[in-house]
Structure formats: C-alpha cells, structure tokens
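Note that the chains take the letters A, B, C and D in the order they are written out, and that residue 1 is the start of every chain.
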Amino acid sequence: MNHRGSFGRRDTTPFSVVMVKVRRLGQRVLVATGAVAVLGSCATNAPQDTWQPKGPNAKMIDDLQQPVFAVAGIIGIIVSVVITYAMWRYRDRGQPIPEQTHGKPALEITLTVIPALILAVVGVFTFRVIFDLARTDDTELVINVTGQQWWWEYDYPVQNEWGITQPIISSGQLVMPAGTKVLLRETSRDVIHSYWIPALNGKRDAVPGRIHTLRLEADEPGIYAGQCTEFCGLSHANMRMEAVALSKEDFAKWIANQQAAYRAPAEGTLAKEGESVFLNQCVRCHQVDGLKRPDGTLAIAAPDENVWSGAAPNLTKLMTRNTFAGAMFDLLRDACRDDVWKAKSAEFGAKYLAGVDETCLNVNDLRAWLRNAPEVKPMYANPALLADTNGKYRGMPNLGLSESDIDKLVAYLLTLK
Amino acid sequence: MAESATHDAHVTSTGLSNVKLGMWLFLGSECLLFGGLISTYMLYRGRVSNGPTPEQIYDIPFTSVSSFVLLMSSLTMVLAVSAAHNKDDRGTNLWLSVTALLGATFVGGQVYEFTAFYNEGLGFTTSLFGSSFYTLTGFHGVHVTVGIIMLMALVAINKRSKVPGSKSETVEMIGLYWHFVDIVWIIIFTLVYLIPV
Amino acid sequence: MAIIERPAPGSTVPALTPAPPAITPARTYGALRRPVATTGWKSWLFTVDHKKLGLMYGATALFFFIVGGLEAVLIRLQLAAPGGKVLNADLYNQMFTMHATTMVFLFVMPMAAGFANYFVPLQIGARDVAFPRINAFGFWCLLAGGIVVNLAWFLGGAADGGWFMYAPNSGPVFSPSHGVDFWTLGLQIAGIASLTGAINLIVTVLNMRAPGMTLMKMPIFTWMITVVQFLLLFAIPVITVALFLLTFQRSFGAQFFDVAAGADPLLWQHLFWIFGHPEVYVLILPSFGIISEVLPVFSRKPLFGYPFVVFSGAAIGFVGWGVWAHHMFASGLGPVSVAVFSLATMAIAVPTGVKIINWTLTMWGGKLVFTTAMKFAIGLVVLFTIGGLSGVTHSVAPSDTQQTDTYYIVAHFHYVLFGGAIFGIFSGFYYWWPKMFGKMLNERLGSWNFWLMVIGMNMTFGPMHILGLQGQPRRMYQWTEARAGEGFFNLAFWNLIASVGSLILTVGIGLFLINIVVTARSKVRAPLDPWNARSLEWMTSNPPKEHNFDSIPHVHHLDEFFHRKYEEDPTTHTMREVATAEEVLAELERNADKHIHMPSPSYWPLVLASGMPVVALGIIYSIPVAIVGGLIMLYALYGWALEPATAPESDFDSTSNNGHAVGASHG
Amino acid sequence: MFKVGSKLFLGLTGFSTLTLVAYLVFVERLALGGVALSMVLAALVGLSAVIIMINDGDSEVQPRDAALVRASMWPLVTVAGFVLLVLGLVVAKVYFIFGIVVVLAALTEWLVQAWSESASDDAAHNESARRRLLHPIEFPVIATLGLGVVIFAFSRIMLAISKSAGAVAFIVLASLVLLVGAIFALRPALKTTLVSGICVVGAVGIVAGGIAGQGVGLRADLVEALEEGHYTHRECGEEKSKYFDKKAMKTLSLRTNPIAVVELRDGVLSAVMTGFNDPQKSVSVPRGNAVTFIFRNFDTAERRMVASLGTAMAVDTNTEGDKEGHSDTNETCTQLIPQGAEQALTIVYSKPSIAQEAPLTLTVPGVEGQAIEVVVP
C-alpha cells in the first residue's frame, strides 16, 4: 500500500490546512462579531443597512434576527473548530487502520435533538412576530402605493382626520407623519415590484391585481432610503424610493400645500412660455392638477393612450419633492441634498418643506432627462420596438425638445410647488 | 416505448419486471402533471371576464355518456389483458381494437364538444375559464389519442410476431396507461363538470 | 436487465442464401443494419452503454459549466465598480438569467446525471441500466435542450426574466424578444431528459442490484441518487405544467397570467417553487452522496451512522415538498401560510444538520489521508455548514423579508451550491477520474486547484453577506455611489473584493482544465485501487470493461470491496490486509460468466431526440415546421417500438465484431 | 468515396438549395413556402450525410440475379396519383393536393422497395430491411388515418343532430361496438369473411354518416349561437336576461386580496377594504390599473352589481374581447346572483374622475339611494 500512503504525504501538510481553516474562520468571526459591534454604533453605513431599524416594525424584526445570527455564528464556529481539530488529531501518521465502527445511535440522537430544540425556541418567537407584523387593525393613516416600470405612485385617499379632503397624488418620495402607524395598500400596474424601506420594515411585493398591505412607522422625522427588490425589467436597478417622515405639524403643512390650488405663472415670464411647452408636450402623459388649456378647459393627461402602464407621475407639486425619474435622480444639487439628508430631526421638517428652488436645483440631471430620458435611464422607449404594446411606451420617450424649450420647461417646473 | 417481453426472463430484485415498474413510475409522475393542470383550472373556475360561464355551456348528459364510453373501454382493455395472459392472440387483438374504437368515439365526442363550445362563444383566449378548460381537457384528449395509437400499433406488432402471447407484457403495460387515463377522466369529470361553480 | 444472446460468431445466415460468394446480409447496405460499431465516433453517436453516456453527460455539463462561469465573470466585472459599463441593462438581465439557468439545468443536474449513469450500475453490481435506449435518448434530449436554450443568444437575445421567470414580467409584452420562448421550450426538452433518467435509474436501483445487496447495504451515493430521482420524478411534471402555461400564453394568447382577465400572478410562483425547492435538493444531494463515499475512504473508516445519513436524506426528500413558499415570504401570502412554511423550513434544517454531524464523526478517530478529493470533501462540509446556517437565518420569515432579494441570499445559495454541490462534484472528479479514464489527475495541480477555489470562493461570496445586509438588492445591472455608504462596510470596497475573488476562482477552475490536459497526456496508468476504496465500482478494471464485471459479485457487507481486502484483528480490533485489490479482482475473473450479453447500439434515440428542437423552433417561428418535427418523432417512436427485441442474426456484421459487443437492446 | 447513392443525394441537395434561393429571391421571404423548402433542404443534407457515413450504402458486390425482385403495385399507384394530380389541376385544388400526397407516398414506397430488394441475396433479410425502414411510416399513417376518419365522421354526426339525440346516438354507437366485439369474442369459429364484412359495413356506415353530417352542417342552435354571440352581451338591467344571467356563478375559487368587497346587506351597500377598519362608501382606485371587486349579495332577492364606466369611456376588460363595443350602455356588471352568492368583476378605469361628468359608481339595480363612489385620482 506504499503508493497509497504516498498520496497522503505528497500534498500540503495538515498544519497549513489548519492555518487556512483558521484564516477562513477568522473572516467569518470578523463579519459576525465585527458586524454586530460596528453596525450598532457607526452611522456611516449604507443608507439601506438592514441592521439599523428606525421604527418599531423594523425593530421587531431586528430584535428577532440578532440572536439568530449570534446562535448561527456560534454553531458555525464550533463546527469549524471540531473539524479542524479532527483533521489535525487524526491525520495519517502511519497508525493502523482503525476499527470499523458503524456509529453510536445514542450520540446521533442527542446531536439531532439539540439543534431541533434550538430551532423550536426560535420558531416560537418567529411565530409571534409574523402575526404582529401582519396587523392592520391599528392603522392610523392609509396610503395607496402603486408600482409600475420604473417608479412608485403614492395616492392619499380622502381621510378628513388628517385634513385630506381631496385625493392627493405624489411620486418619488413617500411623505408620512412620524410616530404614526401608516399602512400601505400596495398594488402594481404592470409587473411585480417590491416595496422596501429597510429602516422601517421588511419588503412586501406589489403584485398586479392584488392589494397587499405593509406597516410603516418611523420614530423620528427624517428621510429613509429604499429600493425596488423584485426584478421588474430593464431599469429595475433604477427603481428607488425614499420615505420622508415629518412631525405631525409639518405633515399637516405638507398636506395643506399639496391641496393648494394651482398657481399659473405670471404672463410674459419664461415660466409662462414653459407652461405652453408643457401643454404641447408633457401633458400628454403628465397630469398637473388645475392646469388649464388656453381655451380655459382643464388639461387632462392621457397616459393610458401613450404609456403601457397607463400612468405617468403627477407633477402638480413636483418641486416639493427632492427626486425625479423614479427617485433615480435628485432634484437638489449635492450640497443642498446633504443639508436635508443630514439635518437633525428637529430642523429636518422645515428644511424639507422648503422644497427646491432655483439655487438648489440639480439642473444638469434635470436637463439631461428632458433632453433624452431613455439615454440616462434604460427604458423601452424605442418607437421601432413597440409592436407588442400597440405603440405605447414603457417609460418616458425622447421628446426631441430644443434647448430653448428645455430652458422654458425648467423655469416652469420650478413654479410647481 | 414498447418494451420487449423478454424482460420477464430475468429475475429482478423486486420481482416486478423493469417495464412494469417503469410504467408505474411514469404514471406516478403523470399524476402531478394532471394535478397541476387541474389545480390551475380550479383556481380560475369562477373567473369569467368575458364569454360564457362553465355551467352555461356544459352539457352534462352528453359528458356523462362519453365518460361511460371511456369506462367501457377500460373494461375491454381488461379483457384484452386477460386474453394476452392466456396467449390468445386473436382475442387480444380483437379487444385491443374494440378498446381503440371506443377511445376513438370518446375523442370524437371531445372534438364535437370543443366545436360546440366554440360556437357558443368560448374560445381558447376568451377567458381564464376558456384557457384553463381547453388546456386541461385538451391534455387529457392528447393522452387518450396517444393511447389509441399505441393500441393500434400493438395490434400491428402482434400480428407480425410469430410467438403467441409474446407481447403480453406490453399489453399489460399499455393497459396500465389506459386505465390511468380513464381514472384521470373520472376525476376531471367530477371536479370540472359536476361540482357547481 | 436488457441483455440478449448474441449469435455465436460464425453462425451461418439463413439457408435461403445460395452458396458464397453471395452478398451476405452482413455486407448489405449500412443503413439497413443495426449499428454495431464499438469503436470510433459512431460507437459514441449510437451507443447505449451507460458508461459512455455518463462520460457524454459529463463532457456536456463541463462545457456548459465553462459557459455559465464566463457569464458569471462578466456579471462580476460589471458590478466591480459603481455604474458599471461592461454590459448594458438588457444584456445584464440576459446574463444573470442564463447564468442561473445554465448552472442549474445544464451543469449541476447533468453532471450529477453523468456520475449517476456511470457509477450507479457499477456500485450495485449491474451490467447496465434498465432501459439503455431510453438512457441514450435522455442524453440527447439534454443536449438538444441546452442548445435550444442557448440558441436564443444568436437569435435576438436570450431570456431576460431571471431563472425564476416570474409572470407577468415573462409575458409577451414585458419580454418581447424570443428569449423566453427558447427558454421555456429548451427547459421542456431538458426536462424530458430528467424524467426518463429518473424512471430509468429508479428501476435500475430497485430491480438490478447484485445478489445479496439489500437496500441498506447499498452505497450511500446510490442512495442519494435514488432520492434525487424520486424528487425529479415528481418535480419535473410540475414545472412542465408551468412552462406549458407560459408557452401557451406567449405563443397562443392564453390568459393564464393576464391580470386584466382576472388572473393571479402568484399561480406561476407556486408552480415554479413547488418544482424549484425540491430542485435545490436535486442539486445538492448527489454531492452529499459523493463526499459520503469519499470521506470514509480517506478516513479508512465506514460512514458514521449510515442509516441516519440514509434516512436524513430521505427525510430531506419528503420535507423538501413542504417548504416551497419560503421563497415567497415577501409575496404577500398572508401570515398563516408564512408562519407554517417558516416552521417547516426550520424543520428541514435538522436532517441537514444530521449529515454534517455524521461527516464530522466519520473523520473522528479515523486515519485521514488528505488527497485532493478529501480536501474538496472537507471543504464542502465547512462551506456548506456556513451556507446552511445563513439559510437558517432566513427561515425566520420576518428577517427573511429584510434579506430576500438582496445579496445576502446570493451569498447563501452560492455557499450551498458552489461550496456544496460544486465542491462535491470536484471531489468526485478527483476520486473517480482513475476509474473513468485509468489515469490519476495530478495531485499537486489538484492541490493548487483546491486552494485557489477555496480562497476565490470565499472572497467572491463571503463579502456578499455584507453587501446583502447593507441592503444591496440582487439583479441590479448597476449600483450607485449614492447608496453605497462609507466606513468598513461600504458597498464599493466589498463589491470590488467579490469581483477580484471571482477572478481567482476562474484561475482555480482553469487549473482543473489544465490538469485534465496534463493527465490526458501523461503516460502513467493509475493503479488498480489507488485510494484503497471500499465499494463495488472499484472491484473491476480501470476503466471498467464494457460489461462492467466478469462475474457479478455476491454482496455480504456495506463496503463489500473493503471487507474482501481486510479482516479485523480480534485482539486490537484494527484492520489488517488479507488480500490486495489485484487478488480480489483475479478471484472474480477466475469464475467469469460464460455468456455475457450486452445491449447493442441503436439509431432511434438520436433520431427521436433530434425531432424535438425542430418542434421547438416550429412553435416559435412557424407551426408547419413543428409538424415536420412531430413527424420525425413519430417515425422514430415507431422505429423504436418496432425494433426487434432479438435482432435477426443477419443484422450483425461478423467482420466488425470485437467481443461481446452486440445484441438487441430494449428500452 | 462518392458512389451512385451519394451522387444522387448530393445532386438533389444542390438542386434544392438553388430552388430555395430562387424561391426566396423571386417569390417571397420567410414565408411558409420558404420554411417548407428549407426543411426539405435540411432533410436532404441529413440524408446525404447518412448515405456518405454508411459508405454509400453500397454492397461491395452487385446482386447478380433479379429473381428476387417481386411484383409491386407501386408503379400503378404512382400513375393513379398522377392522374388525380392532373385531374385536380382542372377540377379542384383538393384533388391536386391529394394527388401530390399519393404520388409522393407511392414513390417513397417504390424507392425503398427497390433499394431493399437489391440489398442482398437473402429475400427474407431484404423484406425485413424494407419493413424496418417503412413500417415506422406505414403504421402511424394508417393508424392516424383510421383514427382521424372515425373521430371526424363521428363528431360531424354529433354536430348535425340535436343535443338529446346526440347523447343517444353516442351511447348506441358505443354499445354497438361493444356488442360486435362480444359476438366475435364468443364465436371464435366465425368466418373471417363475415367478420371483415361486418367491419367494412361499420366503417362505411360511419363514413357515410360523417359525410351526411357534413352535408347537413351545424345544428340550428349552434349556428344561432355563433351568429348572435349570446354570452358576449352583458345586460345590466334589473330584470333577468335570457343568456347572460342563465345559471349564474355562485362561488369564487380565487378571492384573495381584491381592491374591495362590496356587500349588499339589508338594503345597504358598503365596501369592505383591507386597512380600513369599518366599511367605506368610496373606493380609491389607481387609474389605468386592472382592479377586481367582489360583490356579495346578502339580500333575499337576486341582485347584480353594476359599475358605471363614466362618460370618458373606460376600458372594460369584460368586453375588450370584441371590439364591436357590445356594452353600448357605458357600464358593466355581474350576473344576477341569489342570496349568499358572490362574484368578481375586473375593471380598468383608464380615465380619472376629474375627466368624468358624473361620478363613477357601483350600484345595485332595484336598491335605491345606495351607491359606492369610485374615486380615480
């Protein structure tokens, strides 16, 4: 059996095997413990960090998962250590071939029961949390959320107790009162999307033809990042969302402003010309409530005739939001944006309600978007390839606007707040 | 595939011949195929956004008759199998042919039913009911047709083979298949036609 | 078993023929004869030999492994930095769809099928599988399916809906290219391969075991394969239904997933995952089987708690059917179903844990020899443990709603499928190579191959845990600086690490390919029993003769081969050698069976399978073509059915006959 | 290397290539004909490959005596086919196509027989060779033809005669088949002539019936149904309509997560929606989105729910099927359903409420002063 033994010798020594096991182990330990330690404190993590709950629902999940992670980590370490030890202790040192034992049932069963018990405990807690997270009876504010390729629409149904006397439609940023139990009623206009604000709660799919509910509640005013997490086609990566929590007073102000009547720009201004450009081009899909045609009739957008999903963002109060194009771009230029994002929760409300003005407008991205939207965000907007959708676009097409038109439009859009 | 009868010459660990065991396994898997199709139909039963509803066009007396015919074909299949066991090739071929004929009348009935339904306004793309109904019953119809073709081929092969009863194994195997198809139809008839929506 | 007496050489052709020199049927038109070649390319094209087919499965799988690997590398390159420009959105979507599809359906499954085809008959002491022709048919179906799925690359873009192909995003409107059509039809065809293979192997295992081999004396690899085949037997029809519904919707305007008609998109998810979750075990169990063979051999000790491993495997097979909805915790099933499936998922962790415990205890108290095969096996145990534990964290449904569809999941199932399935397969390569080719893979290169793969694998997928917990979703063709954060856990750094790791991984696998070439060129033959192995497949020559065993061994123990070589010392209870492998083999050859009859090759499996892609293309482009394809298949089916069980002697070409090569086959 | 066979097939291949090219250039691009021709080409390429692979399928020695060559009916059939073909050119396309089929079939048979007969000096072997090549075609073709005839003829008969008569005819036919089978089985001594006679009679009978049925055409009510499209109308009045309300559906198998469940309970109409703790009077519906309402009737009388689709026409998925625009009154509705029953209604409101003159509503005919307002922002 010499040739046989020689294979055992020829390969790297068991010691180095041990070393690498240790190295790999180290990495795991680092991630496990390091994660717990660092994530707890450091606030500079990615804005979608799942281990920094900012509301009771997310907190519930976090409290459940932390111990599970810990237990899993420990078990992982134990197993690795045992294996490593066995590899070193029983390596071939020319000992005789051992007795051919076929196992010890008692040991087997013990080692089976222990993990079963651990899991049973975990199961009990899991069970409770699942049902707590599914409650809808304690809702204080209902918001309808509709996903479509590749942006979210928020619709606040009439709820007089919040001063919502006529339906409000918004997009890009979900504005909600802090410390309030908000319930989202999700659905979709085309494919399945998934609504996810990690800091506030887990994700819930928005499925066409079905209404799914998701509880959101933020402890503090602030802005919380999220992203569509169900693969939804070409621009899935660019379908983002932000939840904005305002104090109840600020929220009331926001509501009031959203319901305020449309103020047409003054005659003779650049914005006024922009309005007519808007009426010629954008109004085909984009609704601006209260906007009238020259003949005095209400301008009613017809996205159902031009876009497959049958909807396009309502731009009535565009400049009260900080994002556009499905939250892919910011309306604020970086300095102003950081000012809002990093604001203390006390000043946050005021800064957010200030909205976007000429000095803070992220004019480059906005112009690029108006110049040729499909170029900056992949969308099915090639007129040649619209056979299956009988001519309707999926996303915003290239409108071929002239630079001067764009100037006018930007001026006009700035008045929408 | 028609397996040759020479298998039973060999002793197998289970005592069951490879061919028969294989057919049983295949039918086991077929159960899930029809399971999936039936669940799809049951899920969409009430969803008629356009065109007629199930109860409006189902013709229960007719379907009962065709179900009965299919059951009869199961009986004749049994006779064929027993004849094959008795190495009675004439009987085998006879009953196989009768089974095939009955099967053919059943399929003919299905063709009639489909045509009638289409005329009454239920197309494949009319409604979820249409899509799932035609898919389910269509799949079953195809299974029956395949069965018939197998039966006819078997008759032909039988006539060619010199050794009497040499194909008894194959007859038995195709018998299994045929009975399975019948049973599936009974389930479809009950769940799809009889249970009111 | 499918074997028929072949006429003894020199038997005269029927009396009808006048005296020579006449045209004997033996020299008649080639096409009118059954194929008989046992060498040369024809012998591969028309073969029904389970070993040849096993190798063909393996070669095909390896090819698709390289394809899928390159797709993966492209994906990592795209994501190495924010706003990647390597691929555009459309191409990226096709890339990750096809990466998953290729790896799952065209690499791991066929590779397992290859090992199963080659070694199950050998391990149970059979001379072939139950239905050799169906076996060949299965392989050609797989190849056809793989080709059809990938054909889309050249015909207007591959499938772009993700391997889960959720409706309605897979509908004609949202995926206008033909990619999805090719995908559905290709998988449909490949599915036939899995189904026939399942029936074939189950019958083989149940019916064709060597005398004395009870089910509980069966090698563990064969056991795991059997469980897998049962999973396939019942899972494949479900995906078949789903694929049919999708095809009917896309090609014939059915409304199954048309929400405007009142359809429910969740129907697809249920059908897909009822197949999809058992599929996960279909991918991993064969590797479990392989290392359960390798660990005992190189621990010089039987598998610890063999019955527990068997039953835990079976248990996984059963419970695996009750957990599919844990892929849908975020789909809005309602709390009750979520709770139930959450608990079921935790339950399935237990039998999996049992296996890990048993592998560890197998090594405990052994005599460990660290060959490359052994290293890969141990690698599997450790890496799979990590993957399994991260799996437990999202069996907790609420925490899963935070993790699902993020890179945490990607990390999880790559630890399970790469660290699990693929490490097992590589362990199998190094362990069985001498058996399959009579040459040993180079151990030094193997060592490099292993370490590079371990390091690369952990560098690629380890960081993905962090990326996921930091909230980076999957299936994004780009990630942005704006959501990357700073500090130790910032996405930019770990994405880069992962991409670098993927390159190291590539080098590691490249080394394996080099190793194959080096080995193929070397002159050194492998010793008869290089590893001091334990099970039946080693009780024959390397590579095995076409008829596998000169005489079918009678089995008395699990690890029969080992117990023929060793005896227990009554005093010390240690084992001492009583016979070398050569002696054991000589013993078998001494009383070799007189007449050994093997199934003969056939044209029909190939013809039948070749009809299918024609049908597929027909459905996509023009129905008449589909009909032509159908006719080809009908013709082949009848030709198959009518192929005489006992081929007339005139079918044999007495000149081109070497050994016991020919005779009629069935199945 | 290249012998007769390969030369022949390679020639054919080249020829068909040219044909295909010519066809694509002069006739039409990527149409049925092109597909067919390319299939032919593919087949020929394959055949040539096989022929060459099997070293031209030539035996080293040529058969000496032609004594083995037996009488063949194929030449005759081929001629008959040609006659049909010519006839078809003058009379009708059907005969023409039929002729082509016959000619092709006969030629194939002829070719293979000739080939096999010179395969070797062993007639038995030659015959078996011919069988192996042709039976896989002959059997399924014959089987399919027989099957097709029975199925077609029978279904025509059923379509011609009335519903009840159909059921009877069905059972009669089946029992006849059984009976005859039984007789044959019980009387093994039966003369084969008699047996075949009976079979022939039966076959002729069914075919004749089929032709007759085809002549008679569909039975009246089917024709009427086809012309009037009974079930595509939705009559949303208070009274019961003849077809639309016939045998109304009472249960739903798929009732999860609708936008609202509209309940009619002691004369009061209310919408139950997830997220709202108490019943609502108005439902907010995303524009341009397919939404499903479920209507539950707890009233003793039979009721239906009617959804007004507004003056700015909404796409009503229920009549999307037929663009003749059946729902002339701009509304859609469920069937008239009894107490305790429920039905679903899927609608897409593509225009917002502000575009409508009257508010969008869900109402129940016969229940006054009760309406759910549908708000489409």
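The definition used in the following text is that a contact is a pair of C-beta atoms (placed from the backbone, for glycine too) under 8 Å apart; a residue touches a chain by one contact, two chains touch by 3 or more.
None of these values were measured; they are calculated from a predicted model.
*Asks:* Starting at subunit A, find the fewest moves between touching chains needed to arrive at subunit B.
*Replies:* Tracing touching chains, the least step count from subunit A to subunit B comes to 2.
*Asks:* Show me the overlap between the contact partners of subunit C and those of subunit D.
*Replies:* Both-contact set = A, B.
*Asks:* When contacts are scored as defined above, which chain pair ends up with more C-beta pairs, A-C or B-C?
*Replies:* When the contacts at A-C and B-C are counted, A-C has more.
*Asks:* Just curious, how far off is subunit C from subunit A if you go by their C-alpha centres, in Å?
*Replies:* Taking the average C-alpha coordinate of subunit A and of subunit C, the gap between them is 38 Å.
*Asks:* What's the distance between the Cα centroids of subunit B and subunit C, rounded to whole Å?
*Replies:* From the centre of subunit B to the centre of subunit C is 33 Å.
*Asks:* Can you check how far apart subunit A and subunit D are, centre to centre, with Cα atoms defining each centre and the answer in Å?
*Replies:* Centre-to-centre distance between subunit A and subunit D: 46 Å.
*Asks:* Any idea how many Å lie between the Cα centroids of subunit B and subunit D?
*Replies:* 18
*Asks:* Mind pulling the subunit C residues that touch 2 or more other chains?
*Replies:* 259-264, 332, 334, 637-638, 642
*Asks:* Where does subunit B touch two or more other chains at once, residue-wise?
*Replies:* 43-44, 47, 49-50, 127, 153
*Asks:* Where in subunit A do residues touch two or more of the other chains?
*Replies:* In subunit A, 207-210, 212 touch at least two other chains.
*Asks:* Give the pairs of chains that touch; include all such pairs.
*Replies:* The set of touching chain pairs is A-C, A-D, B-C, B-D, C-D.
*Asks:* In the complex, go through subunit D and note every residue touching subunit A.
*Replies:* Per the stated touch rule, the residues are 256-259, 273-277, 282, 284, 286-292, 315, 346, 348, 350-352, 354-355, 375, 377.
*Asks:* Inside the complex, what are the residues of subunit D that reach subunit B?
*Replies:* Those residues of subunit D that touch subunit B are 135, 139-140, 142-144, 146-147, 150-155, 158-159, 163-164, 166-167, 170-171, 173-174, 177-178, 180-181, 184-185, 188, 218, 222-223, 225-226, 229-232, 243, 246-254, 317-321, 335, 343-344, 346.
*Asks:* Which residues of subunit B touch subunit C in the complex?
*Replies:* The contact residues of subunit B facing subunit C are 1-7, 10, 12-14, 16, 18, 21-22, 25-26, 28-33, 35-37, 40, 43-44, 47, 49-50, 124-125, 127-128, 130-132, 135, 153, 157.
*Asks:* Please give the residue numbers of subunit C that touch subunit A in the complex, ascending.
*Replies:* Within the complex, subunit C contacts subunit A at residues 88-90, 93, 161-162, 166, 168-169, 172-174, 176, 259, 262-266, 299-302, 304-308, 330-332, 334-335, 338-339, 342-343, 346-347, 349-350, 353-354, 356-358, 360-361, 363-372, 375, 378, 381-382, 385-386, 389-390, 392-393, 396-406, 443-444, 447, 451, 454, 458, 462, 465-466, 468-479, 483-491, 527, 530-532, 559, 562, 566, 568, 572-577.
*Asks:* In their complex, what parts of subunit B are in touch with subunit D?
*Replies:* Within the complex, subunit B contacts subunit D at residues 42-57, 59, 61-62, 65-66, 68-69, 72, 76, 79, 90-91, 94-95, 97-98, 100-102, 104-105, 107-109, 111-112, 115-116, 119-122, 126-127, 145, 148-149, 152-153, 156, 196-197.
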